[in-house]
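Each of the next two complexes has chain A plus one more chain, namely chain B in the first and chain C in the second.
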Partner chain A sequence: MDFATLIQILDSTVRLATPLLFACLAGLFSERAGIFDIGLEGKMLAAAFLSAAAAAVTGNVWLGVGAGMFASLILAGIHGLASITFRGNQLISGVAINFLASGLTVLLGQNWFGLGGRTPALTTGGRFEPITLPFADAIAPYPIIGPIYAELISGHSALVYLALAMVPASAWLLYRTRFGLRLRAVGENPAAVDTAGVSVIGIRFAAVAICGILCGLAGAYLALGLAAGFGKEMTAGRGFIALAALIFAKWRPWYALGATLLFGFLEAVGNRFPNIDLGLFTVPSQFMQALPYILTVIILAGFVGKAIPPRAGGQPYVKER
Partner chain B sequence: MPKWADAVLVPLISLLIAFVISGLVILAIGEDPVAAMKLMVTGALGSTYGWGYTLYYATNFIFTGLAVSIAFQAGLFNIGGEGQASLGGLGVALACLYIPWPHWSLALAGALIAAGVFGAAWAAIPAYLQAKRGSHVVITTIMFNFIASALLVYLLVNVLRPAGSMDSASARFGEALQLPSLSDILALVGIPFNNRNPANISLIIGLFACFGVWVMMWRTRLGYQLRAFGKSEKASVYAGINPVRITMYAMLISGGLSGMMAVNTVMGEAQRLILNSVEGAGFIGIAVALMGRSHPFGVLLAALLFGFLYQGGAELALWTKIPRELIVVIQALVILFTGALDNMVRRPVEAVFIMARKGKA
Partner chain C sequence: MTLMKHLAAATATLALSAGMVAADPALIFDLGGKFDKSFNEAAYEGAQRWATETGGTYKELEMQSEAQREQALRRLAEAGSNPIVMTGFAFGDTLAQVAPDFPDTKFAIIDMVVDQPNVKSVVFTEEQGSYLVGMMAAMASKTGTVGFVGGMDIPLIRKFACGYAQGVKAVNPDATVIANMTGTTPAAWNDPVKGGELAKAQKAQGADVIYAAAGGTGIGVLQAAADEGILSIGVDSNQNYLHPGKVLTSMLKRVDNAVYDAFKAGTALEAGISVMDLAAGGVGYAMDENNAALVSDAMKGQIDKAAKLIGNGTLRVHDYMSDESCPALSF
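Here is the complex of A and B:
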């Protein structure tokens, strides 16, 4: 493999890791506040659909992003209502949200556009254009550093840089602010937060809303950045890969960056080399696709470092009387 | 609140809400919900052809519904029915392709065992990790669904596909392994039934499975232990129930039942293993188990309801502009209202009963 190919693979790694990173951070906020969320996939799918639909109709990419966040927030609201207000089973609610998104996107898409569940292909203005960072053209001719800067670092869409910026922002919010401390405490010991006079329900709803916004960005990037429009089931399990990355990252923001880059890299390699010939045997492409899930099971099994979820995760909070 | 209200009234109200919202969705896309309902009823229940498909789908959902409900009873959420059923399909295909069965009845027994063993084996690793290492069974079974789908694609494309075939599917099973159809069986007792539908003897096995699960859950020591463990892990451990053993048993039985679904689809209908032969039935098992309150009789009724929705939805897609995905929406709403938003329905009903009792006193 030559240097140019490596750069291309890493470039597509960044692209493919972006939706995973948004979704992974989304899950991080929710689960750190004690709300399990296996509905990341559904929220991403709904956001991808509505953002593509809005961008196709208005021709404005940012209106698309807003619509995507709106769709995702509605589903997040349902999840909050079920798991916080009515103290329902958070996992079942997540399953329901995934199906709701999967069904409604096709139903509405077919009704609105009549393209078999797709949205019209987006043209300029309706989707994200690559941003060329300053001096990219000037540095490009230099060896090594040129391709790295001009192709790998520069030339992505705005949401890619936003996703990367979300990592330190999330870490700061979670570990350096009062809100973050409370959010983490609500996921570990909600009764203690309640005793301190802080609303557990309020913090949890805030966390679920942040999760909704981030999933909205993940879905919008899929439809407006990675692709040019919405296609049926276009998330293709990315919500679950993000969930796997979250466990892989042990519910920490910086680790989340590493985990999503790793999973993005696996996808990029799998796309580039469908079957990897190692001489003695060939690694089938299906193995590469399954690898994130296999790695997550190994991590969950605790053979390679233990992943311990937030202690109050999955349990509705009942105020003491 | 009386027992009947808890077991029947609350699920019925939840179901009603789910259907009303589904009706609103149909209205929102500019179609007539009443006409749609009529079309679904005549399409699914108006002829023995429709009934055949309804019962064929229901058979799948009986197995996956029972699978999810057994795990629910033991306090576990087995979301991996999809993967376990795919592996069950693999078991059925291997048993049918590589063992020269002299008669379909022996092949059916062999395929059932193979499907059960493969499905249980696929549930065994998540079960072990939950029991011994405390890894959450929901996450591991989700991961195993994806691993199963990758594995099946690999095997169908590279191993099981007959040479020269472009289709990613296994070879056809022998003619001799064709299972008796429901119309064959009903003809024996003189009931005329359409023979152009895939309903087959697996339906009867499914009914036996319902009864068997009921006996196991409410008439055996193991069933008692499973339910006790599901109600309170601490109390059951105190009573001397081994949590590792119960978790393993619950998940193995659950995985085995999911796997057995494949006898209906792979051996009863397709007569070969195709890609994605499960078609989401593993997930519908969740809705069926929630709707049926994790009781075999409830599961049977809920499976029939979803069988009706599936066949009715197919008819809708055929005759109207409403896509098949409407069923996915209805399924989501049923899961949402009977599962996650259960308290939203239950609390007002409870309040009504308390008020009624106070009024009497």
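Here is the complex of A and C:
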């Protein structure tokens, strides 16, 4: 493998990891506050649909992103209502959201555009264009540094940089602010937070809303950045891979970056080399596709270290009376 | 007594013919969805053509999950639909179980062979059509490297890839063919993001013409190819219009004709295997105003010559499904 190939694979890694990173951070906020969320997939799908629909109608990519976040927030609100206010089972609510998004997107898409659930193909203006960072052209001719800067770092769409910026922002919010401390506490021991006079319900709803916004960005990036429009079930399981990445990352923001980049890298390698020839035997493409899940199972089995979920995760908070 | 017998016979005939009149054909779409701009949409167009020509009506059903297949088939058969046409290889096993239970109903399955006395199996020689577009790809390629993106990794899709690779090698024996499959589950038919990423990866390896045989995933491949400024080849339906001037051609698989013929035959549908090959107009390549500038007369002449040779049997294109191997491409 030469240097140019490596750069191309890493470039692809960044693109593939971005939606996973958004979704993984989304799940991180929700689960750190004690709300399990397997509805990441559904929220991404709804966001991808509405962002593509809005961008197709208005021709403005940022209105599309806004619409995507709106769709995702609505579903996040439903999840919050069911699992926080009415203390329902969080897993069941999440599954319901996945089904809802899967059916509703195609139904509305067919009703609005009559293209079988697809949105019209987006043209310039409705899609994210790659951003060329300053001096990219000037630095490009230099060896090593040139390709790294011009191809790998420069030339992605705005949401990629936003996703990367979200990692330190999330870490700061969770570990350096009062809100973050309370959010983490709500996921570990909500009774203590309640005793201190802070609203558990309020913090949990805030966490679910952040989760909705981030899922909205993930979906919008899929539809407006990577593809040019929405297609039925286009998330193709990325929400579940993000959940796997979240466990892999042990519910920590910087680890989440590492986990999603690793998963993105594995997919990029699988795309580039469908069958990896190791001399003695050939690694089939199916193995590469399954690798993220295999790695997660290994993590869960405790070989690489323990992944301990937030202690109050999955339990609705009931105030003692 | 004889009068009674006659009466009874007449009533029975009447009842039978009444049933015949009421029998509308039905069409079941596979998981890719009715409007996949490709395989299933071609079936839909065939059914629509029959409906407008004859003024008849038909029932249609879109599969949402694997588990629905048997239920859907039985329900349509019990409701008296006849004939029932279904698209896609995945119906094979289900139909083989259901067909014997409804001996009076005629079934037609596209892309699969089911050996039952009331089933018509329509198969296409995709390798022949793919061979022709492969030749065109090799002629249009400047780098000598061309790509193939398949949907779900099944023998049928490998058949496309194998025919394509043979066509490419026939024009340029030194050409490189990069083949990728999107996945191993039905989700691979609906993942335009991964399709686009595969196209970009192939472009990075030098491919400048990419053939997509991947249902909804193919839309992402065509989009990425257009974005990257390289050519793509559509599949099943004519997809040249999706990106005018950037789609080299489309490998046509006349699923619409197969559905149209089955509907037209109605309850008199003949069972057996029907092979829709190049000579029968079952497969081919698409030319229209969107790709006229991309395909020169010299290219067209050479391809039509090969088409003629394939049609009269002089030139044989290897079928991957005949022995699960491909001389021009390793998977």
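FYI, the second predicted complex is superposed on the first by the 321 of 321 C-alpha atoms of A that agree within 3 Å, B and C clash if a C-alpha of one lies under 4 Å from a C-alpha of the other, contacts with A are read in each partner's own complex, and residues count from 1 in each chain.
Here, contacts are C-beta pairs under 8 Å (C-beta built on N, C-alpha and C of every residue); 3 or more make two chains touch, one makes a residue touch a chain.
Since the model is a prediction, treat every value here as computed from it, not as a measurement.
Undergrad: Have a look at chain B and chain C on chain A after the superposition and call it: clash or fit.
TA: When both complexes are placed onto chain A, chain B and chain C end up clashing with one another.
Undergrad: By the touch definition at the top of the document, which applies to A:125: first (chain B), second (chain C), both, or neither?
TA: Neither: A:125 stays clear of chain B and chain C.
Undergrad: Let me test your reading of the model: by the given contact rule, A:300 touches which partner, first (chain B), second (chain C), both or neither?
TA: first
Undergrad: Name the contact category of A:202: first (chain B only), second (chain C only), both, or neither.
TA: It touches nothing on chain B or chain C.
Undergrad: Touching A:272 in the superposition: chain B (first), chain C (second), both, neither?
TA: second
Undergrad: Any idea whether chain B or chain C touches more of chain A?
TA: B
Undergrad: Look at A:78 in the shared chain and tell me whether it touches chain B only, chain C only, both, or neither; answer first, second, both or neither.
TA: first
Undergrad: A:287 in the overlay: touching chain B, chain C, both, or neither? Say first, second, both or neither.
TA: So A:287 only meets chain B here.
Undergrad: Scan A:108 for contacts with chain B and chain C and give back first, second, both or neither.
TA: first
Undergrad: Give one of first, second, both or neither to describe whether A:168 is in contact with chain B, with chain C, with both, or with none.
TA: Neither chain B nor chain C is touched by A:168.
Undergrad: Please pick the stretch of chain C from 9-17, 63-71, 81-89 or 279-287 that overlaps chain B when the two structures are superposed.
TA: The answer is stretch 63-71.
Undergrad: Which residues form the common part of the chain A surface touched by chain B and by chain C?
TA: 117, 237, 286, 289
Undergrad: Flag every residue of chain C that touches chain A in the complex, lowest number first.
TA: It is residues 33-37, 41, 153, 179-181, 183-184, 187, 190-194, 196-198, 200-201, 204-205, 216, 219-220, 223, 227, 242, 331 of chain C that touch chain A.
Undergrad: Where on chain B is chain A touching in the complex?
TA: 25, 29-30, 77, 79, 125, 129, 133-136, 138-140, 142-144, 146-147, 150-151, 153-154, 157-158, 283, 286, 290, 321-323, 325-333, 335-336, 339-344
Undergrad: Taking the touch rule as given, give the residues of chain A at its contact with chain C in the complex, in rising order.
TA: So the residues of chain A touching chain C come out as 5, 8, 12, 15-16, 19, 115-118, 121, 222, 226-229, 231-234, 236-237, 267-268, 271-272, 274-275, 285-286, 289.
Undergrad: Within their complex, state which residues of chain A touch chain B.
TA: 38, 78, 81-83, 86-93, 95-100, 102-104, 106-108, 110-111, 117, 237, 240, 243-244, 247, 284, 286-287, 289-290, 293-294, 296-297, 300-302, 309
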